[in-house]
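So, here come the structures, one by one.
Below, subunit A partners subunit B and then partners subunit C, in two separate complexes.
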Partner chain A sequence: MADPGNRVRIAATDCLTPFGDAAATLAALLRGERALKRVPVLGREGGDLVPLALIEGRALDESEPPEWLSPLSRLARSIPGEGWGSARRPIFVTGSNFGVGALYAYRRSLAAVTQGTASAAGLEPPKEDFLKWGDPGACVARLAREFGWGSQVTVFSHACVSAHLGLLQATRALEAGLADEALVFTFDFLSPFVAGGFHALKILNGEWPAPYENRPTGAIGLGDGAAYAVLGKGKGDLCLAAQNLHNEMYHVTGNRPDGSGFAACLEPIVAAAKGRRVWMKGHGTGTLEAGRLEAGALAQAFGEAPLVGWKGSLGHTLGSCGVVELSLAAQAIRVGRTPGTVGSRAPALAGAVAFDAFDNRSFDAVVCASNAFGGSHAAFLLAHA
Partner chain B sequence: MPDPLNARLKLLVVETLRLEDVAPEDIPDDEPLIGGGLSIDSVDALELVVKLEREFGLKIASSEESRRALASISSLAAYVRERGDPARLAS
Partner chain C sequence: MLERILLRLHTDDAGVEEPSITRDRLKAAFPLGTTRRMTQLGLMVGTALDRVEAGPADSVTYASTFGETRALEGYLDSYPGASPTLFQTSIHPSAVQQGRVVRQGALREFFPVAGGEHLVLSALLVALLEPSGQSIFCGGEERGTWLRERGLGSPRSFGFAVALGRKVGAGVPLGRLRLIEAEGGREDDSGGTLSLCDWFDLLHGRHSYAGAVGPGWRLELTWM
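Moving on to the complex of A and B:
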């Protein structure tokens, strides 16, 4: 599913991480800072300490209204332009865990009341209000009202390539002449349910993530993240020169051992990057097997191009990571410095992993890649327009 | 005579994963559990890990450790003997 997309530009982009906006986040990454902190995996119910990066002032536990609503509103209100959600200015909202934290919070409080342990556990009685956030449609409809958006809002949720899917759909709407500008808005905020799931898989295991580092044990961190990208044809100094999504149809939690799924996704990106000097921002969560396959496939496709990953600092921001990291890559291009792979050190699993920050002014473009449960791979080429 | 812990673990595997066409005694001691003839995948492994932690009061720290423990029934038995709660091992 390749799309040339070479006329679509990034008119504006920004993100929200525990460090702040894209400028503040990039500055922190360039300083090698880690946003992750060790937090009880089940929030106020405790459990093992695991690395999570929560935006300032937010507890892991769900609240009503959600503690993330206020900072997300600030991000939404900073989006330039008016009339978002109208016929010619559609919105594509993406994320991977819409509402699941609210459902879990409702279920947890209900169970505590049933068992008579609510007050002892510090839990309040079950709140029907949680359920208003409990599915993607309801959640996004409430946000649209809050942000003053119109009705042209499409929701995509496809695990950790959700944001890439939004970018491609927005690009298609623009290429087909169905829109003047398109907004991709993405967010994922952590909950005990999500953290507990990754903890059960033993990949969120208390160790700090070290993407692409060759070490005995893999580990990931998770992070809150939100971001937007305004796509259009006329404005912006950067463009999406190529995009691709690919599903290898192999296994829900594993990749083909030969890495062919990663390679297949990169094929149109390689073609579009021909003649350009690129650096690469990989998915790099910190798991060993996927990290080895991804770094190997990127090295096979782009030779000695330097590869960085930022989830060792920010954690994996799940469905939002594609646009969160797009906004950071765009910021890196503008300031001329690319943060290194924070939290990792040599030796690398494969490829030319850049552990330290480097000057990117001699490069023409950046390859940004993400992967997801379900065998999904995504990548795009961000280049000067 | 079969090792009692091996036999217990084989029963645990069959019951936890609801393997309808497999009898516990059909599972070899030294063949791979994951990716072998039982067609156990990583999602099944997650279920097994949760069950093992509850049954034997042990804690598996990472996905690499769980993969090593689940390499075979024999390796799993060795892991459980080393890490499990002795009181639960005896039951």
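Moving on to the complex of A and C:
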């Protein structure tokens, strides 16, 4: 455990959601607003209407250059400091989709041209430029050039816990003395590729997500999201007091039915939170089994601490959710109000789910947790430095 | 300088072998009936992790530029009736998860590193900064078809896993790995880089190496 006086701190953090930056997003969540809208799952090609939260003005279909590039560039250029990607200021880029939406657009338009159905489907001819975004390394290299970053860039892709890996590795680089500050930058923008995939799994259906609500059918929504966190040792009023990972490898899309995977991840977080009054920001996508296990494990670990989840409004921002929600939790601590579990109502699946916003000024810290395919779990304790 | 001993190693150079041949070659290493939906990369990396005795207390770093190329190709081609199985399988880092799930093989930490040019350096830094000093570095690629023709898939298939430690454990150590900040500091981007293929060939051939691995870092790999 690091010396408490020398803990890695959050020097700066912000996010981008359909509501705007962290301040605007938190304000919207406190008002109970929902960013999700029903959109055809395959974009121009139609399909069932499913709840997606897209950045304003952006279509689900990919374009070249991507419509998300401009807002993402604005977020990147708002990061304080200079020299990102240099030796002492490494960058950890995390996500799960990167430019795969462009690859999807390329392949679908190529297939339509081959079949002679391109114009009927409203598809443009395939553009070779789409392929320049086609793998995570190529996508991040393009972004690094666009943002003026140096070469010290590490890319993590571990589905919906990706952003947590960036935070942990940035912390380790700082603690090893290999960096003065580290940037964790994360983004995931939706496309028919990922919407179609979750729709095929039948969890992205027509229903609105209601995280932790005990109801007959589960459902998720998906959302665009991007965020950053600057980590360092000198500046910042909040710190990552503990971080942990655990990978069950029990089932590709499921968790151990006894909830032991969730508990294993939370164990060191519980130890670090001892003596503190915490609230909890869970993963809470809106699926029933994972929601029940997660809420149960959090209640077992932290008793009556209030649990909230924000994906009922923002949708699941996939690989970016760990830092998007870190940014929102930090903002909530600063304004003294925690948004409730927007989109859900009693009864809860388990635990002390807070459906409404509450005053958090009597709390010392927040537990933030995320989960991913493969029974992957990640959690950290965000506390006053 | 960061330094580790190579404790256990497994490599598989499948080259241009078709996935069905790889499946026949490796299926005996997995529980009966579990390999039908596994990918070539999943079979190779899953086998490699078993051979280096990956266990629930381990931190595993996994490196692949292209990941599940064949599953990604198949998933993209499944539209408009998107395949749920290929969607799951196409997602990075499915190769490791496939092999671990069929064995119910939990991992304490799992760091899937993606990227291209400096992938090996990134992955080595992750593996070597793991605080306990005990970690496994695995990775690989599978040969693509239409994605490969467009530069988005590997021309060859391979998989590896190497167990790293600070101390010699049971058995004979295989080699030593040192990651050294290059003279001139880490701003120096002129020394070249080591690709994942290059790294694999060093391991597979037990070749020693002393040279650039990525911006500002040198790698020394020696065999005992």
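The definition used in the following text is that the second predicted complex is superposed on the first by the 379 of 385 C-alpha atoms of A that agree within 3 Å, B and C clash if a C-alpha of one lies under 4 Å from a C-alpha of the other, contacts with A are read in each partner's own complex, and residues count from 1 in each chain.
The rule is short, and it goes like this: a contact is a pair of C-beta atoms (placed from the backbone, for glycine too) under 8 Å apart; a residue touches a chain by one contact, two chains touch by 3 or more.
Please read all numbers here as calculations on a predicted model, not as lab measurements.
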Ask   = First (subunit B), second (subunit C), both or neither: which does A:357 touch?
value = neither
Query raised in the report: Counting only touches as set out at the top, which of subunit B and subunit C does A:230 meet: first, second, both, neither?
Result: neither
State whether A:332 touches subunit B only (first), subunit C only (second), both chains, or neither.
neither
Checklist entry - In the superposed arrangement, does A:11 touch subunit B (first), subunit C (second), both or neither? => result neither
By the touch definition at the top of the document, which applies to A:266: first (subunit B), second (subunit C), both, or neither?
neither
With both complexes overlaid on chain A, does A:252 touch subunit B (first), subunit C (second), both or neither? both
*Would you sort A:201 into first (subunit B), second (subunit C), both or neither based on which partner it touches?*
both
| said: I'd like to know which partner A:217 touches here: subunit B for first, subunit C for second, both or neither. | reply: first
Winner on subunit A touched-residue count between subunit B and subunit C: chain C
Residue overlap on subunit A between the subunit B interface and the subunit C interface 200-202, 251-253
Listed in rising order, subunit A residues that touch subunit B in their complex are 200-203, 205-207, 216-219, 251-254, 287-288
Interface with subunit A, subunit B side, in the complex: residues 41-43, 46, 49-50, 60-66
The answer for subunit C against subunit A in the complex is residues 65-67, 72, 75-77, 79-80, 82-84, 87-88, 91-94, 97-98, 100-101, 103-119, 122, 125-126, 129-131, 147, 150-152, 185-187, 189, 214-216
Within their complex, subunit A touches subunit C through residues 42, 45, 47, 86-88, 96, 98, 100, 103-104, 107-108, 111, 131, 134-138, 140-141, 150-159, 165, 169, 172-173, 176, 178, 192-193, 196-202, 245-253, 261, 373-374, 376
